[in-house]
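Shared between the two complexes below is chain A, which has chain B as its partner in the first and chain C in the second.
For the complex of A and B:
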């Protein structure tokens, strides 16, 4: 353990309940709610809040230091059995926080909404999140031929992207009343597509594949969606993608044990900027890029994977005279899920919680963590 | 003449790709065999110099020479037949690589080489039928390399000359008359469905509305494997290719004094999936052990044949500018058919779409049916030309009497499937789908009924008909068509005109030989270069060129009405003659009791999805 790192990673909750490996975690962007999905075909939801006893004095959810780890509490609030016939591999919240999409190995995508009002209006910002109203399947999207591996809502919530082992990426337009229209079926990859990720503000989609490449897509207004660039460079499967919060950079994590960061160099052009090697000893399955609680800069990038290790880097614009992003490892934790693979890591994006992230592991556990000064 | 359409397996590019999950099992012959000690490998596989595989018993010291006889066991190659493909739900459409070996231009050449001379009793009459989209593709290609544009009519003459002189075909037709029959049947079927559906609401038995086009084999196959709930909506009318098959085997052959199996019928089509269609069991005659269409080759394969035979399609042939023979009973000197009433009307034009004008034939028919009442047609293109909605409304009341759409490409097809499922209240999809969405769908159905129509407003009538084709751009852009002459080497400039180094900017340009598909690779490279040249479909521009070529040059346009009337008369005669001959057949050979199959209708078969797949763990 490198004890000289400026921050440490503290576990604030270990959430049991899945009886098979947990695949992905996703923070609701609008409500204090965390969702996880699993090979047990269910989705579990947890509400979080700042404990009154701790925050009463300061009324500040961003209390720092060791106390921070004790300041936040997560509790299980609901479970969706989903009805998918196989593993729920992927979940994604719509930006509104009212809709959840599930991608399953049964090739279908479920779109879930909470039963509408029993007169109790919108749940309050901190009011226990999910409440007890049932989540029901509003729509089922079919079309993928085999296992769906990834789902993602665009920044504005107008579009939903899905990807699959059938090598395709589908783009759906979200219509009122839980209706969807297929806007594109992109058959650009030559292998299993592992992940899709939307640009944080524009309608640009990235996908990562077992064919070792990343592809970027944009809408041609007169035509269909098209692939505008292929990013090659990884020597093995690209498992995960994460856009920088500012949208200028795209990070990719691979089976080749590297993380690459690509910089936007034109409207539809990206070029390699940074490569991080040696951070993991086994496949890197997941990365997430949050705003972090550092001093400005480009935010915090975190990674995890088969070696069970979690790394957090502080990313800064290139220093004077350099083109390459500055990256500094600020925290690291081994055996985060004991000996198990960690499949997913995700920063919470809600204001005041930028130092909090969650992980999902092969042990079926979901864990929540905060990054606090050492 | 520089075509780029040389056919290789990697050129296969109909829209829906073969799946990884082919479930054709490897056959295990369970030979009785004594059990050896566990873990001991009893045999090994050896490959001889000719590349054959042998299973060889390993030397067993414990059992010296107890197996003196030939210890080498030649292994059979695993083979996947067309029927395996049709029965398997692993691929969402055809395993095209299988088709290419069973229905190929080499197969045609092999047949022609082995066909005994006409004097022999075993001789088969070789017949060639060419799709109009194929003619358009060839015409566009030839025209692009020469100063004077060449018309499909001239191409037909030239291909006919090639087929007769270089290959030995005895008859050459284009399939537009067969399409004429298909359109008539299609219209008739629509009215049957509409009137049947109107009576008891459920439209049980006789089919349902909206009626969906049945000419695209890619769509049919996809529906059979992935959306069985769409099958009742798909028209049962045969495609022009299969109508042509019926014409050749059930009407022309008897005129020549031949049995169906004494005719070898080759069709040239813009599409690989047409091979699969021809191979369907529905188009196979058990009685004569023959298919209505024996072999299908694509436009690209025809071009390859011509190149292999050194035939230059840009060179005019005699009589190619002569007017088309007007009467079906007059001989057709330019096509060299010496007799008789075996000539069919040529190059009939059906205004509408280059994918067969199915929708427009219905619009015409509905307009005529409403006749004294004038109607107005409105057209609305949604997003791209690949999806357009047509509404026919009475001028006086504004009541919509017919709503149709043209829908090309896999993406639009998805939305049509969803929409038809919603409007007709059919559960879309497989397995758990319905269970999950059940509650909400019901509720939304109620809401939709209240507001009449999902989009609200004047959408008080659902779709009556959709001309569905799997390829973007429709049949002129079929997977078997010629590609544009290869664009000059990849443009090394970006859209703003700056030179680029792709490797530096992290762009992977496929290596020529490692590219997934020769030109395809180049095309996907182009995508990275220039977003205005999207997709691996060859350029959209080229599709437009072929489209123009398709509609080009109609010298006999003035006579079109006459010709269509004449075609109608012939069609009526043919239909009744085929019916009559079927009756004869049915009584002479103990055919299945009861119903006579309508000669120009077919049926569909849902393929159960039984793919378990490997347990995917990542």
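For the complex of A and C:
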């Protein structure tokens, strides 16, 4: 135990229900709702709220301290069986929070929306998850030849990106009434594409691959999507990507046991800035970069993987006289899912909950955590 | 629970840990350490995909090529020829055999013997990519082939 770290990671909920490996967790950007997906082909949703008894003295959901870990409650509210014929590998919420996309090993992408409510309101009584109405498949996107491994909505919600073992990245334009038009099939990688991530404010897409590289894409004036840069440097599969909330930095996590941070150096140019080594002893499967609750700076970066460890770094602009970002490990937890691999970590981005994240593990469990002062 | 699902899918009859697999309890300190020979027993009788022989008979696997760490097992195997196109299938059969037989606490890494295969890096990378392994095990044709290799795996008893 590194007891000298300034923060500790406290489990606030252990959510059972998946019958097989849980692959990913995703917080709804607009509603107090968490979703998870699994090899059991289902998506489960959990509503969260700040318990009235604890928040009575203070209606500020961001209250920190000893009571913080007890203040938030998560409850399972719905399950989508999905109908995918194989593992649901990835999920992504549209920025509106009204649409969820699922990417499956059956090569298809499902787009899910809640049926129109009849008087039971947008927000349920249990904290506003709106979880009582059924989720229906609004459309099924076919096109990938093999397993879909990642899905992501652009910041404005106009575009959906998907990636697959078929080495391609597809960009879909989202039209009204769940109509999707394929705007481009990007065949830049030479191996499986493991993940796609949109820039937090611009229409720039990053993809990470089994070919050890990261590619960045932008819309050129002719309306075609093109690869604008390839980031090489990782020595093995790049499993995950995370943009800094400000959009100036892109973090990548790899099977080579390193996390790299790339800095934007031009409109369509990024260069290596920081490498974090020695934080994990087995493959790093997931990273997430949230605003955190530190004193300004660039936010909190968290990582997890096959070693079951969770790390949280506070990231600051380079100190005077240095080009390299300042990164300080502020919290760390081993065996977060007992002996199991952890496949996903994601910060909640909603105001007041920037200290909360969730994980999904090979044990089928979804866990929610808060980072509190030690 | 996920473990029960796994148990029902996988034959674990000859496993040393069959009772442990039924339990949802955490592993306690009384769990007996595992050794090379026990792991070797689990994989020696797997059939080669294109020969009538076992992996032991073809000298693809041996006890001395098994490494044991703290809840970690490394199995090295030697493809019969350096261009063996079925090396990933052999490696996958070893991985699945161990997945089905060992307690979940073990992390397993599988490698070809250094210098034994012309695509050593590619084979190793594929065998240790959990996402590719998971997807392969949802491919009915591949699982069918695997089951044939594994059908003989329990024929020897310790």
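Note that the second predicted complex is superposed on the first by the 365 of 374 C-alpha atoms of A that agree within 3 Å, B and C clash if a C-alpha of one lies under 4 Å from a C-alpha of the other, contacts with A are read in each partner's own complex, and residues count from 1 in each chain.
We take it that a contact is a pair of C-beta atoms (placed from the backbone, for glycine too) under 8 Å apart; a residue touches a chain by one contact, two chains touch by 3 or more.
Computed from a predicted model, the values in this text were never measured in an experiment.
> Once the shared chain is lined up, is A:105 touching chain B (first), chain C (second), both, or neither of them?
In the superposed model, A:105 contacts both chain B and chain C.
> Between chain B (first) and chain C (second), which, if any, makes contact with A:178: first, second, both or neither?
A:178 contacts chain B only, not chain C.
> Of chain B and chain C, which one touches more residues of chain A?
Ranking chain B and chain C by residues of chain A touched puts B first.
> A:188 contacts which: chain B (first), chain C (second), both, neither?
first
> Let me test your reading of the model: by the given contact rule, A:147 touches which partner, first (chain B), second (chain C), both or neither?
In the superposed model, A:147 contacts both chain B and chain C.
> State whether A:5 touches chain B only (first), chain C only (second), both chains, or neither.
In the superposed model, A:5 contacts neither chain B nor chain C.
> If you stack the two complexes on chain A, which partner ends up touching A:165: first (chain B), second (chain C), both, or neither?
In the superposed model, A:165 contacts both chain B and chain C.
> Identify the partner contact of A:329: answer first if only chain B is touched, second if only chain C is, both if each is, neither if none is.
A:329 sits against neither chain B nor chain C.
> Could you look at A:223 and tell me whether it touches chain B, chain C, both or neither (first, second, both, neither)?
A:223 contacts chain B only, not chain C.
> In the overlaid three-chain picture, which partner chain does A:272 touch, first (chain B) or second (chain C), both, or neither?
The first partner, chain B, only.
> Do chain B and chain C touch any of the same residues on chain A, and if so, which?
Shared contact residues on chain A (touching chain B in one complex, chain C in the other): 105, 146-147, 165.
> Which of the residues in chain C end up touching chain A in this complex?
1-2, 5, 26-27, 71, 104-105, 107, 125, 129-132, 134-135, 138
> With touch defined as at the start, can you tell me which chain B residues reach chain A in the complex?
Per the touch definition, chain B meets chain A at residues 17, 19-21, 92, 226, 384, 409-412, 414-415, 418, 428-433, 435-437, 439-440, 444, 447, 454, 472, 494, 504-508, 516, 524, 527-528, 531-532, 534-536, 540, 613, 616.
> Under the definition above, what is the set of chain A residues touching chain C in their complex?
Spelled out, the residues of chain A in touch with chain C are 18-21, 39, 86-87, 89, 105, 146-147, 149, 165, 192, 194, 210, 236-237, 255, 282-283, 306, 338-341, 362-364.
> Sort out for me which residues of chain A touch chain B in the complex.
Result: residues 82-85, 105-106, 108, 110, 136-140, 142-143, 145-147, 165-167, 177-185, 187-188, 190, 213, 218, 220, 222-224, 226-233, 262, 265-266, 268-272 of chain A touch chain B.
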